[in-house]
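These are the structures in question, set out in turn.
The two complexes that follow have chain A in common; it is paired with chain B in the first and with chain C in the second.
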Partner chain A sequence: MSTSTETSTTTRRGPKHPGQRVAEWTDSRVGLYKLGKSNLRKIFPDHWSFMLGEVCLYSFTILILTGVYLTLFFHPSMNEVVYNGPYAPLQGVRMSDAYASTMHISFEVRGGLLIRQIHHWSALIFIAGMIVHMMRVFFTGAFRKPRELNWLFGWTLLFIGMFEGFTGYSLPDDLLSGTGVRFTEGAILSTPIIGTYLSMFLFGGEFPGHNFVPIFYSAHILLLPGIMAALLVTHLILVFYHKHTQFPGAGKTEKNVVGMPFFPIYTAKAGGFFFLVFGVIAAIAAIATINPIWTMGPYRPDQVSTGAQPDWYMGFSEGLIRVMPGWEINAWGHTLVLGVFIPLMIFPLVLAAIAVYPFIESWVTGDKGEHHLLDRPRNRPVRTGFGVAWLTLYFTLLIGGGNDLWATHFHLSIETITWSVRVGFFVLPTLAYFATKRICLGLQRRDRDKVLHGRETGIIKRLPHGEFIEVHEPLDQEQLHVLTAHPQPQPLEIGPEVDENGVERKVNPVTKVRARLSRNFYGEHSQIPKPTVEEYDEITSGHGHH
Partner chain B sequence: MSETGSHNDMAEPEEHLPATHGAHGTEAAVPGDPFANPGHPEHEFRRQDIDEKAAKHSERVVAGLFTLSMLGTLAFITSFVIFPVDKYIYVFPLGHVSALNFSLGLSLAVALIGIGAGAVHWARTLMSDEEMPDDRHRADADDELRANIEAQWVQGAKESAFGRRKLIRTTMLGALTLVPLSAVVILRDMGPLPQDKLRHTAWAKGKALINPNTNKPLRPEDIPVGSLTFAQPEGLNEEDEDFQQQIAKAALMVVRLKPEDIKDKKELDWSHQGIVAFSKICTHVGCPVSLYEQQTHHVLCPCHQSTFDLSDGARVIFGPAGHRLPQLRISVNGEGNLVAMSDFEVPVGPAFWERG
Partner chain C sequence: MKKLSARRRHPLAALVVLLFALAATGGLYAALAPAPKAQADDSSQSIQITEGKKLFSVGCASCHGAHGQGSSDGPSLVGVGSAAVDFQVGTGRMPAQQPGPQIQKKPGQYTQAEIDQLAAFIASLGPGPVTPNADQYDPAGGDSAKGGELFRTNCSQCHNFVGKGGALTDGKYAPTLKGVDPKHIYEAMQTGPQNMPSFPDTTMPSQAKADIIAYLQAVDTADSKNPGGFTLGSLGPVPEGLFAYIFGIGALIAVATWVAARTTKAKKS
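Let's turn to the complex of A and B:
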């Protein structure tokens, strides 16, 4: 314990680096060094797929930076003005100040158009990144204990991110995004009992009103990014705390993490990657136009253009609303608008299905252990099949969301496309599930053969007695280990239904469902048994044939 | 299986056969368990670790990338200064682009990518690439810590007297659940109550159909058979404060059919010499319907492709709309202008709970 007359410099020799002085000043106020103790040289494993989450983090940061710039110039007001800026086709046209200020940013603020483009492209990449990152985590089972909460936080970031994007692109009040807002209002109206009230409250009266741009603005720059920032920080803290997962390999176990330290390696690599992502987005913004609102014109509820599409990440909900038949139930002076309300309800459910799956899986397996080694997707056929089925559903709906564009570009009948998506909604994910599961099982069989018989080299050798054989190269120790490292749980056993006195045991129906699901996940039709050491020894010792 | 004989024979190198054990890194075979983890592999050195000339070269590459970045920033500033905001240039294959957007964007990209590539290259070629393990620790508390926390909790709970004083518990719960209600109630003035707002539009008996492009009333002789035109109610002005709200309900689509092509009797009654007027607002979720097929009399909504048959009461023939477009009963007045005979009979636009 140092007294006021002693300073830590008495224990050092020579002048201190200014950086060190700053660090020590901070440390004596916030305990910085304690934080650094376990984190400065923290080990992170290396795999390209671990960079997907980074793409999300960096594009989010770019959104904040460019977003702040835009707030310096954008007017979130629906007061009407008459345009008198440099864009000739709109001169003299009445428009909201929101639209006019966006025109100002695009045509009169130097660099304004570039920042708008970077902002919008980053949003598209952010959400795409989140979906790809989420699927990587899903297919490798990185959501298992202790990371279930982090999975939920990440899913919530995706869900909120979609609305962040929607409110953002609706701010310029252009014809295309305004049409999307009108769709949202129509969907809100379809809500039973409270729909009309919700609509009046959100729009401050009848559509379009003067409210929605300021309300969306407040959500877009304050409420939603605030929640997302908090979730994101928690998400990263948990990754640091749990340490990153890793693929099985030489020297890697459930009890360690093998890789390189945060400082200096990942500081440089991850920090550098931020600049790379930012630079690539800047290049895209330089050469590819996005959201050219001047070609669309200001929003009016009685005008629209063809080829109307939301931003890509809303495409699957667009598909839902287009293919749902227009069922309405009119009874006792009220209308239940199933044709709009059902898609409105299914839209979050499609996303929720992937969110809850990890919890279903952990309930079915009864697995209470921590997992830090990643799965190879082929070794979890049911999970992988489910993930591919979900992606199939997502993309089928995405195609449905663009049915008019498929029709016009490829000269197809729009009725055929719509019906195909209606049928495909049910059929394609089911087919995808079974096909994927069979492919996984086939790959498991191939792995098993590789372990027992070695790698097929494609080299043909003729034996002295005339027989042709293919030479197989035995795997090395690391490969043998990687191909047999995965745990293979057995289905849950309920136990005998009848005890030794012939008395029937009462089994909870929930437990019965759980056991049946467990059989489905881990029964003999769902995984190929790993080769045992005995089988391997028997084959490689040369006894017997094949 | 080894048809080639036992593995020990593979020691002699046959020319075209691949190598055997130990080809891909070391294996420390654990006796008895061929599948065991071979342990941390030996470190493989990079060229830069052993050859100072290669390391110097890498250093120069990194420095070059950082320098390139600096040039990029200079180019950014230069572009900002020399290009006017309204200058357009032709760039193959993009076409005519804003010179400023193009040059600022690409120079910024160079500036950023230079830093990123430099940092990554430095990390991968010059920084230590020794892989090392670190131990994982269990996430939850060990027994000692758990006992400690439980003891603290029990002590704190005892000191709070919460458990003993039942009255406190119930009333506290009551107070805490009630107070958020004030937050809900205070949001009431976000908007008016719906009442019957959605049931009425600006149309009324005698109101003329005004062509929004000319601001003049529509007359039958202006509308040829097969044409599509739009109309808004007389008295509506673009500068009105509530213009957008009114046009969102009152926008009208006017087409002229041959009277004998009109299949629905009520539609015929409500038409004038084959001129029929329907709400332009789609009954699905409210986009303006406008893609009219002259020969089939079908009109398609561009948003979700609901299709209505304007020769048959505008009933839905395809797509997700749930009910037909409302029709406006029209006639001509004394001056020969087309006028509405009343407001719409049913609410226009998307269906809602109280619609009936």
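Let's turn to the complex of A and C:
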């Protein structure tokens, strides 16, 4: 932009182009040129997995656009009305104004149902995108210094996004979401001491009261999106400030970023990608029903349906509740409902486990350096194992949350599924951790083998004396770089147990634990030594039958 | 009165009084007592019963006993009524194929005429719910909005919002109601087969049953309207989440890969 305006002034005397005058007017007031110069040429590396965050950004934008349209027609009120709209199986039924206006949006507002479906599908995709994006960042180690804070911002976006979704799908006040709100009320009530007060405050009296739709509405359209927008902007500013990470490769270092400039390449690409995301979501919304509130009927506390699950992102909390034994303690005239309270406490812990991981890892490994080159997941078997274990836990709980549908569709007993999830909650993540670590080590061995002996070509050669050998083709320089570029840190050493006089040294027990964890991280059982230059030279300059 | 008073010590007076008393109680009983179906002894009915008994001896007696009295393998059928027979045999649940958590639905093994004969035989064992006539279960005679409210209050906790079915304990389940004959839905409500509670006319009048059938016809048939597109099974958020992951995130990752692979090249490598 700046170069083109400069050339026009040098080549063409005369009246300035109006665009240039506007640009100069703005520049002298907000420093547009300087801002543009430093940021428009920002380099971004190319990789499909770096676009997962963009999927989230765009689906969030779609959510805001469609959400504004929906607020024009939605009535956040729980006043009772009688339905007289075009949907025959509800005519004459009493319902809240919130439900009636959602019916109005779905059946009478032009494009209303499509916009509602785009809004709801975007919400599912937004949060699924955040999970997938988070997993990319996790497995490649992109959360390491200097990006720990941005990791936390992203995680907070996910956490708030879940509640943004929950308050959103509760607004229509249909039988399904009302059951979900009832579930929430039960969870609030199970909180010792303050539970009943909190519930009374939230619902303005006994459930369901006349309060929760307006309260959820202001949280859903104002409070939570406001916080999310602020977090999102901070998240993006930090991405700009830190510069993007990149995968290791020839010419890529901790000090550079290899890729394409933000302007004009990425503005075009990202702009185009926005429309592709919008297109995919709109196509899905046009094809498939989501949350057909007209089939569910208005919420009434005396009615309930089977198959009452929350949207998928709340599914793991549903799983926690469904598989938890119904324990309770009755003492001194009070009831402590452990069957609900324990899942309520594990729910944030499951999410927090992944949130605090970057800090635990840097504490254990003592790694205080800046990292802009990504890890290949196989080269960090413990981290990869932990990530897979976390995902296993998460998806095991999701299965628990849908146990009734698994039972009917796979002809299983619901008790079998519940018990499998109970056992699996403890066993499966552990198994997944060790299996993943083993697989990572196997892949590291394979990398080592490939570097030293080359790629297997599948060509069998018979030597003059009758021996058969497979021809191996040496890797090219670029591939060798990718396979050997990663540093292999050594575990922390506490030093000798005794000092020079043979007196036992006092070692802080915390340091001991840290050293043990560090050995687990970088010890000989957690990484295969990558080939050294000497080894490589010896083999390649050797007898040469490879 | 004088005449009656004079003859009251007649030797036959006690006999006359006895005859009057018997006639009165017998007459009152005949007038007021519920008349069981089996009592109407027209010849075609008795042929039905005889034929039904023959069918029963061949196909049912091994579990339900030679006289429908039940055994360790099957319950007594005395008093279950013709509606229960019409439902169980008509939907193919009886004769049962194999034991299990629940008797499965399968293609019917008897013609409607044979089912009627079996039903007549079982009805003759004791009074019970009677097979409904066509006006009672005609969906045109019901109000779908009222039926929806009744369905959500009484049925959807096992059968889901629109009758897609759901899981019960120990591998049992509430079956889907899609494609089930309205007559069989009516009979199921009346007789409460297997794990289902029964909704006799005293708790759920015939009209309410017709309303529920009208609701199911409106929302759960091949020609019910789905304004939102594919219903994904009308099973709630679980299939929606699965769909969002496979076709939403899946498609977007495919698109992202496509976009990332098409980049401007500074120089040909």
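By our rule, the second predicted complex is superposed on the first by the 524 of 546 C-alpha atoms of A that agree within 3 Å, B and C clash if a C-alpha of one lies under 4 Å from a C-alpha of the other, contacts with A are read in each partner's own complex, and residues count from 1 in each chain.
Basically, contacts are C-beta pairs under 8 Å (C-beta built on N, C-alpha and C of every residue); 3 or more make two chains touch, one makes a residue touch a chain.
Computed from a prediction, not measured in an experiment: that's the story for all the values here.
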Original post:
So, A:Ile414: does it touch chain B (first), chain C (second), both, or neither?
Top reply: both
Original post:
Should A:Met260 be classified as contacting the first partner (chain B), the second (chain C), both, or neither?
Top reply: both
Original post:
Is A:Gly209 in contact with chain B, with chain C, with both, or with neither (first, second, both, neither)?
Top reply: first
**OP:** Compare chain B and chain C by how many residues of chain A each one touches, and report the one with more.
**Re:** B
Original post:
After lining up the shared chain so the two structures overlap, which partner does A:Ser305 touch, if you call chain B first and chain C second: first, second, both or neither?
Top reply: both
Original post:
Is A:Ile125 in contact with chain B, with chain C, with both, or with neither (first, second, both, neither)?
Top reply: second
Original post:
For A:Thr191, is the partner it touches chain B (first), chain C (second), both, or none of the two (neither)?
Top reply: first
Original post:
Which of the two partners, first being chain B and second being chain C, lies in contact with A:Glu328: first, second, both, or neither?
Top reply: first
Original post:
Who does A:Asp476 touch here: chain B (first), chain C (second), both, or neither?
Top reply: first
**OP:** For A:Gly85, decide between first (touching chain B), second (touching chain C), both and neither.
**Re:** neither
**OP:** List the residues of chain A that touch chain B in one complex and chain C in the other.
**Re:** 46, 107, 113, 117, 260, 265, 269, 272-273, 276-277, 280, 286-287, 300, 302-308, 403-404, 414-415
Subject >> chain C - residues contacting chain A, complex >> reply: 101, 144-149, 152-153, 156-162, 164-171, 173-174, 215, 218-219, 226-232, 234-245, 247-249, 251-253, 255-257, 259-261, 263-264
**OP:** Show which residues of chain A lie in contact with chain C when the two form their complex.
**Re:** 46-52, 54-55, 88-93, 106-107, 113, 117, 121, 124-125, 128-129, 132, 175-176, 260, 265, 269, 272-273, 276-277, 280-281, 284, 286-292, 294-297, 300, 302-313, 315, 401-405, 407-408, 411-416
Subject >> Residue numbers on chain B that touch chain A, as the complex places them >> reply: 1-7, 16-29, 32-41, 80, 85-86, 94, 97-98, 100-106, 108-120, 122-124, 127-136, 138-139, 187, 190-194, 197-198, 212, 230, 232, 238-239, 244-245, 247-249, 251, 280-281, 284-288, 290-291, 302-306, 316, 318-323, 349-356
